[in-house]
Amino acid sequence: MSLADHLPILPVAIPALAAPFALLVMRRRRALAVGIAFFACLAQLAVAMLLMERVSGGTILAYALGAWPAPFGIVLVADRLAALMLVLTAVLALIVLTHAVVTRADRKGWHFHPLFQFQLMGLNGAFLTGDLFNLFVFFEVLLIASYGLMLHGQGPARLKAGVQYVVVNLVGSALFLIALGMLYALTGTLNMADMGLRVRDIAPEDQGLLRIAALLLASVFALKAAVVPLHLWLPRTYAAATPAVAALFAIMTKVGVYSLIRVVPQVFGEGAGAAAWAPAPWLLPAALVSACVGFAGVLTARSLAEQAAYAVIGSTGTLLIAVAGWSGASLGAGLYYLVHSTLAGAALFLVADIAARRRGSFGDAASPGPAFAGRGVAALMFMAGAIATTGLPPLSGFIGKLLILQSVAALPNWGWAWSVILGTTFIGVIGFARAGSAVFWKTAEGSHAPPAPDTRLDLVAPALALACLAVLSAGAGIATAYADAAAAQVLAPADSAAAVLTEGPR
Amino acid sequence: MTMSVLEGALAFGFAALGFALAMNLWRLVKGPGVTDRILALDTMVINTIGLIVLSGIAGGSGTAFEAALLLAMVGFVGTVAYAKFLLRGDIIE
Amino acid sequence: MIRRLLPHPGLSALLVMMWMVMVNDLTFGTLFLALVVGVAVPLFTAPWWPGRPKVRFLPACRYAALVLWDIVIANFQVAAIILFKPTRDLRPAWLTVPLELSSPEAITVFAGTISLTPGTVSADVSACGEYLLVHALHAPDPAAEIAKVKARYEARLKEIFP
Amino acid sequence: MSGPASFAELLAAALIVLGAGFALVGSWGLVRLPSLMERLHGPTKASTLGMGAMLVASVVWFQLGEGEWTTHELLISVFLFVTAPISANMIAKVHLHRLRTGEASGGASEPAGPAGSPAPPPGSADWATHEAPHQGTPGDFAGD
Amino acid sequence: MSYEFLVASAIGVLVAGGIFLALRARTFQVVLGLTLISYAVNLFLFASGRLVLNRPPIWDKAVSEYTDPLPQALVLTAIVITFGMTAFVVILALRSFLETGSDHVDGDRVPCDAQDGLADGLADGEGTEP
Amino acid sequence: MAIAMTLLTLALLPFAAALAIAQLHGAPRAVHSGIAGGASAAGLALLASLAAPALGGDVPFVRWDWVPSLGLDLTLMVDPLGWMFGLLILGIGLLVVIFAHSYLYENEDTGRFFASLMLFQGAMLGIVIAGNVLLLLVFWELTSLASFLLIGFWQHKAEARQGARMALAVTGGGGLALIGGMVLLGLIAGSFDLQAILARGDMVRASPLYPLMLGLILLGCFTKSAQFPFHFWLPHAMAAPTPVSVYLHSATMVKAGVFLLARLWPVLAGTELYTVTVTTVGLVTMLLGATVALFRHDLKSILAYSTISQLGMLVMLLGFSLEAAALAAVLHILNHAAFKAALFMSAGIVEHETGTRDIRRLGGLAKAMPVTAGIATLAAASMAGLPPFGGFISKELMLYQTPKLALAGLPWLLPVLATLGATFSVAYSLRFAAHLFAGRPREAGPFARAHDPSPAMWAAPALLTTLAVLLGLVPMLLAAPLVSAVTGAVTGSAPPEVELGLWHGVNLALILSMLAVAGGAVLLSRHAGLLSLWERASLPDAKRMFEITLRLADARVRKALVATHTPSLQRMLLASFAIMILLVIDGALTGGGVLTGTRPGLPANLPAVAAWALLIAATLAVVLESHNRLRALVYVSVIGLVVSLAFAVLSAPDLALTQISVEAVTVLLMLLALNLLPKKPPVISSRMRKTRDAAIAIVGGVLVGGIAWAMLTRDPGPSIAAFHLANAKPGGGGTNVVNVILVDFRAYDTLGEIIVLGIAGLGIFALLETAGTGASGARLRAWRADMPHSPERHPMMLVAASRIILPLTLAVGIYLFLRGHNQPGGGFIAALVVAIAFLVQYLAAGFDWSDARKPFGEHNLIGWGVLVAMATGLGAMALGSPFLTSWFDYFSLPLIGKFELASAMLFDTGVFLTVLGAVMLALAQLSHVATRAARAAEEAEGAP
């Protein structure tokens, strides 16, 4: 095997090596740790792009770990969707890392860089795995790393929110294991492609169990995706986290969405009898309510970070409206919107941090404060982030929402979907305009300009995020074509099964 | 089918240990002090070791041995930790 | 050199024996590994065992046999007490045993012996290490009991830990 | 069944009955004896002769019944013999401590048994549970 | 009574106890609840290989039937992960208690709610004609 | 190709200018206005170059792909309608730039101003030259955003911020409806290409979705064009600098709605629904705007309401669905642009020179500023529709059309109401001129300052007024060809013959027009009385209602949100459990099947039942006595013990070992934590809550237990585990199949698992390292044990025993590690055993003393452990196999005999190191945390 054949493992191996190296050098040579972190992120981006290039033609790369053939060993499956998520993660990671280093957020607590790399390892692993139990393991990796990152810097609010975040996710993990146990008991396999084939043979008297497993598994993913009413953990967690970390967390809810997209068509698709598409009827209503609740939060949020957190809920809801269609077009629209909303959410958190860093004691409260250095630029960035998040033109949110509107128009409940998507956009516009004009336009009487921040480089990371959104908008033709192809691939599990379940090297 | 001597002995052993566990449970719930409960737990661990040894004999496999060995070590650690907690609060000072 | 390699020879011997028993396999390979463990582990743990008590090996073996025998006998005696002696006839007592042993290891073995033989439990040592507090389940004559443990165990232990 | 096997069976059976019996007696003591210090004597049976007999039964059975030497069961006994007195000692210390603090505070956090509270040792020093050991006393090699 | 019934009912009782405790108001109880739930989950996952007596999955020439080893490996992984998570949450709960002086899971009002008072300053005295 | 480049340049020029201005943010005002003016002029030139083909019927057109799957293409086209609007946008834009250059003060942020202005220009221009309706939407919303920036330019002013937000909310919100409508339109028509859509009018109007689509599109148009009841944002947008008002409210922003109605005329117009709705809304708006305008006092407010009124008229005309009416609308668009821009600029000049815009404080300005007075008066006359100005012609055309439509079945209604509107128009127009310039000054202050500005400032309005006049005098020369071509483009048919002139003989229109002029004069003469009447009537203030609605919505939503989203863990978990229960019930009810399977059960013996009873009792005890924390912990230990026993008995020795050792470490951990927590806190849950929770708990328990029962009573199907059993020895080199799965078949899981532990260790370290500082440190230092302590730290017997227990346990650890591949054991269990060995040492001899003698650091253990495990995986890659491919072989040495070496052992070493490091790190950090806090405080005190 040449190095190129090992491409699928590298997104996991690189951070898994970088993290311990960073850990071992961190205490004495911080600069070296930062260097390792940046190098690792760049390498991940390069690998992810290479992978994307390899799979964009429709090839599905299966990598049998330990050379044990699927379904007996664990396989990594790199298809278009996985590659897309990997690239997105790597891009986001670079942006967030830049921000953390520039604003010195990485020095506010212990072990930022190892935790950050482990977080990336967890994310990449979850996106690549073709094995359901392995998905659980990497969920745990990314969760435990996220606990560490979420608490980075500590302080009472973060600790209180942290307890809730951790406990809720522990319950989620427990349910994941129960669902896993049921699925193994019923199918005798853990490989998702294999499971998708074996569910066809399940006797009618066992299909009730299979359906329960499907619903439980979907609800675990919904918990991670912060779908209403399983979203209650998110606002405070994200608002309390260090902004750089919250920006990284923009992708955490997407892991839940990704898992739904990955697992439901493959395992609980047409052949699954009573369990076929079991989560689908629950998903659309939940998605609609999520979008409403999220943007209601955007309307009434009292701080920019809180607003960004609710925006994450809202955009995940919007995204799931598309996913709930389970058609090639709607899923393709959803994937495009997924990429967009991740970057947009990150941008919002980062801009909120710019304001918080410069407004002194006023922080990022959505109320008037002092006139601060770089207010104009920050205002523009906030506006751009808000435009992207609400889905106004010309940024990618608009294209994403148009795609979703068009793709769900063929569904029976399109009226609801349309009303919610357009209505929440309206609410979002009002909310962002209010908060933005209060923070970036209005000056509180008697407030003195706080000292200028130690660095103006903190504008770089949000600018990068926004630039990515601009690229995503300008290149929307290519991006949507890729997203559509990825969706088509996801919805054709037989092809993926054929690619994964070929005899391995042993 | 008649029961062999060994099977009889094992049945007695299982029953005796089962009763022993039940009596430990009674002391565990009854107390009255936390000291009694720790003692009950300690005894319970020993009876469990006995159960594992007996089931090893009954099953004809030696794989239960490590569990018994580990339980012997760990039961001690637990008892000492509880005691140290009650004596000093901070078990590792 | 030997002393540096084998900080606690008794411990090393014990470990070799224990390894052979544990692995349950009487071959040269196992013995080799047992010797490696027997040397390496005490070396590694030496910092946590600062003293270096001298132990006489043969008396120690004799002592072990004696204690085993006493355990068997005492078990039956105490079982009889638990099963048949009514609570009101029970004469539990605290015994304050003056100690002639001085090293902590020796006192611990002495106290352990008293605890292992049913009917008596070592509860505490005085702060200066001069007395051992023992609880007896049924000791109508505490003084005799104290004399018995001192004669039967402490005297022998003084030989083992000179 | 062949001769040796049945002998092994008999021996093992006897040892099992003996061991389980002592375990039962120990636990029964735990239930019926009047206070903690008395009850503390119960488990000693279970962990010494009770376990010992059952472990020997296992050795015998595997040697004579299955034809393989298994000695590692004895190791469990070694561990129990090393640790059981320490466990008992620590529980007794807790008892003494709670007895004394209960008396000091007037409340009865731990009832004294029929033997009552132990008298302090002759001399100036108290029992170690109640008094921090002085310089040069046994437990003091470590720590501090 | 079968082992199956014992295990299934034990799982049920553990889950019920765990849920009840997890819904309590203090971190310690919640942690206890999570512990109970994780016992249940480990047993559940283990049970997915069904129950078998005296057939440990240790390969042996003379034995042809074994219990299913895979769930055991999964449970092992799950136990380890659960342990890490439990350790983390215990210490997090303690740390949160130390920082805030309260071990209530819901805690006091957090900054983003405390800012409700600032809400009036949010907009520009809306509703009044300039 | 040349056309393509021209179109592209035309579209991009304003944006490029905006970018350039933003880049040169710090440059002097002249640079900014120069770039803006230059770009506008260049745009005009480009547009002029397109005049011949655009108006000649050979529409310049270019198309690039953008998002093909969406139907969103970059299609640009300049048809007559687009050309005319482009002319207005660029022409008036240029004049606005010139005007603004003088109007703005040097210290103002001209960079931001002109950049926003150019952004707006680009967006507006985009709307009119977009050849794809989705692209049009892009520009449409962009105008809302750019206008938000422009209206809010003076961000320090509350009214500017409010006005900007309101404009954004209304026009942006309407834009969203428009998005819906346009997407629907595209879906109905089967294309988003404008020309394709325009060709499919019949198909669109026949669609059952037509009414919905029409409603949505009209919402977009009406909000943008400030039609009733969405008109209220427009007057408040006057908080913008006057050049902005000129631009937005004469020629551009508000005209976008009118433009779109005209643009989609061939598709939308003609149905009764369309005609009635659009006409009525336009009529009402016209009347309302005209009426209110008469009673406003702020010059710009007067003009704003007049704009509303004039827009109402345009909308009404387009609603007629008649070619002649469309023609009138087109002409009036030109007229309105000219006179309204001139008027706004005049108002700006007046404000600039006098310092006020309140018409009640001004008067007689004709003397002080004759040029301005002349310009404004002529423009107002055009607005009033007096001959011989352009406004007259278009108004007459309008009145001429009114009888052709019977509203509510009444043919006279429309002419009457339209005339009434015209009457008010005359009145407010005349008032504007008369009250401002005629008579005597009302206040001395403003008048004293007043004088004509420099020509640079009045040149632009002068030019516009000239146009307004000429449009009346020489309409055939100036407007007819354009109006004809544009009308053709609007109606989608051949350009009509156009006859424009001041005199058409005496007809109804002329009579109505005369009536209006007379009525207007009367109204103006009675203005004072009417004003007091108006001010006494309390009319609903739309803006106030908007604000109140928003405020109320905010308060209500916030309240609901706070009520449902209090960060309550109990609520989060309740929601989670409830949802899971619902889903399980759904699955069970709809999935079908039976509860109990056919697999025969294993009969349980007495100790099994006893152990089960132990577990149940302990669980109940934990639940019932959870407030007595130490006791609860003891009960949990019992549960752990029973679970371990179950694993041991049910053929899972590795699990038993793991559970047992994890149990011990967990107890230590909990005890360490419990030391610093309250031991018996008061119970706070109410009885109700407990009952509810108990109910949920029981349901949850029954469901999970039931699932477990269903699972256990079913026979397993074929499992992949058969492969593992068959290949563990030959393929993995180990007889302990569980271990081979862990370190070989699924080593990748194990890698993740140890990393989880490692991260947990790091996270715990990060959490506790700072515990000695801040509030936590203060609390720790103030912490007093809540139970009496024995003074003895290190019990002698324990210390002595630990000296032998440590090596013995380590040996057991090594043993478990070495044999793990073949028998129960392995790296993880070994690591826990070794950790326990050290913890006993810590327990006995204290942390500091024991730790000082330890030759390894926990961080390094974790780091190296992960690296070793990774190295095993990467080593396989180096040898040309996939990551984590195992290798093993048997060797034989003299005396020692045969032994096995396997890469899995190396991997297991990594597992061992990581787990040991993580466990030790967690417990070591947690131990003596209070002591450390005190020590840290002492050091901090001693340091300075």
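Letters A, B, C, D, E and F name the chains as they come in the text, with residue numbers starting at 1 for each one.
Methods note: contacts are C-beta pairs under 8 Å (C-beta built on N, C-alpha and C of every residue); 3 or more make two chains touch, one makes a residue touch a chain.
From a predicted model like this one, the values you see are computed outputs, not experimental measurements.
Participant: Which is the least count of steps on a path of touching chains running from chain E to chain F?
Facilitator: Graph distance in the chain contact network comes out at 1.
Participant: Counting C-beta pairs in contact, does B-E beat A-F or the other way around?
Facilitator: By number of C-beta pairs in contact, A-F is the larger.
Participant: Could you tell me which chain lies farthest from chain A when each chain's centre is the average position of its Cα atoms?
Facilitator: The most distant chain relative to chain A turns out to be C.
Participant: Report the chain whose mean Cα position is at the greatest distance from that of chain B.
Facilitator: It is F.
Participant: Just how far, in Å, is the C-alpha centre of chain D from the one of chain A?
Facilitator: Chain centroid spacing, chain A to chain D, equals 56 Å.
Participant: For chain B and chain C, let me know how many angstrom lie between their CA-based centres, rounded off.
Facilitator: Going by mean C-alpha positions, chain B sits 23 Å from chain C.
Participant: Compute the distance, rounded to whole Å, between the mean C-alpha positions of chain C and chain F.
Facilitator: Taking the mean C-alpha position of each chain, the two centres sit 74 Å apart.
Participant: Averaging over Cα atoms per chain, report the distance between chain B and chain D in Å.
Facilitator: Once rounded, the distance between the two centres reads 12 Å.
Participant: Can you pull out the residues of chain B that are in contact with at least two other chains?
Facilitator: Answer for chain B, listing residues that touch two or more other chains: 14, 17, 19, 21, 24, 38, 55, 60, 63, 69, 73, 80, 84, 86-87, 93.
Participant: Mind pulling the residue numbers of chain C that touch at least two other chains?
Facilitator: Residues 18, 22-23, 104, 107, 111-112, 122, 125, 127, 129.
Participant: Specify, in ascending order, the residues of chain F that touch 2 or more different other chains.
Facilitator: 158, 161, 550, 558, 567-569, 573, 577, 609, 647, 649, 653, 674, 704, 707, 711, 716, 719-721, 724, 745-746, 749, 753, 756, 759-760, 763, 767, 775, 790, 792-793, 795-801, 804, 808, 812, 823-824, 845-846, 850
Participant: Give every touching pair of chains, nothing left out.
Facilitator: A-E, A-F, B-D, B-E, B-F, C-D, C-F, D-F, E-F
Participant: Touching residues of chain B toward chain E in the complex: what are they?
Facilitator: Within the complex, chain B touches chain E at residues 55, 58-61, 63.
Participant: If we count contacts the way the header does, which residues on chain D are in touch with chain F in the complex?
Facilitator: Residues 78-79, 82-83, 85-86, 89-90, 93, 97, 101, 104-105, 128-133, 137-144.
Participant: Please output the residues of chain D touching chain B within their complex, sorted ascending.
Facilitator: Its residues touching chain B are 1, 6, 9-10, 12-14, 16-17, 19-21, 23-24, 26-28, 30-31, 36, 39-40, 42-43, 46-47, 50-51, 54-55, 57-58, 61-62, 66, 70, 72-73, 75-76, 79-80, 83-84, 86-87, 90-91, 93-95, 97-98, 109-111, 129, 143.
Participant: Under the stated contact criterion, what part of chain F meets chain D in this complex?
Facilitator: Checking each residue of chain F against chain D gives 788, 790-801, 804-805, 808, 844-846, 848-850.
Participant: Using the touch definition from the top, list the residues of chain F that touch chain C in their complex.
Facilitator: Residues 792, 796-797, 799-804, 806-808, 810-812, 814-815, 818-819, 841, 845, 850, 853, 895-899 of chain F touch chain C in their complex.
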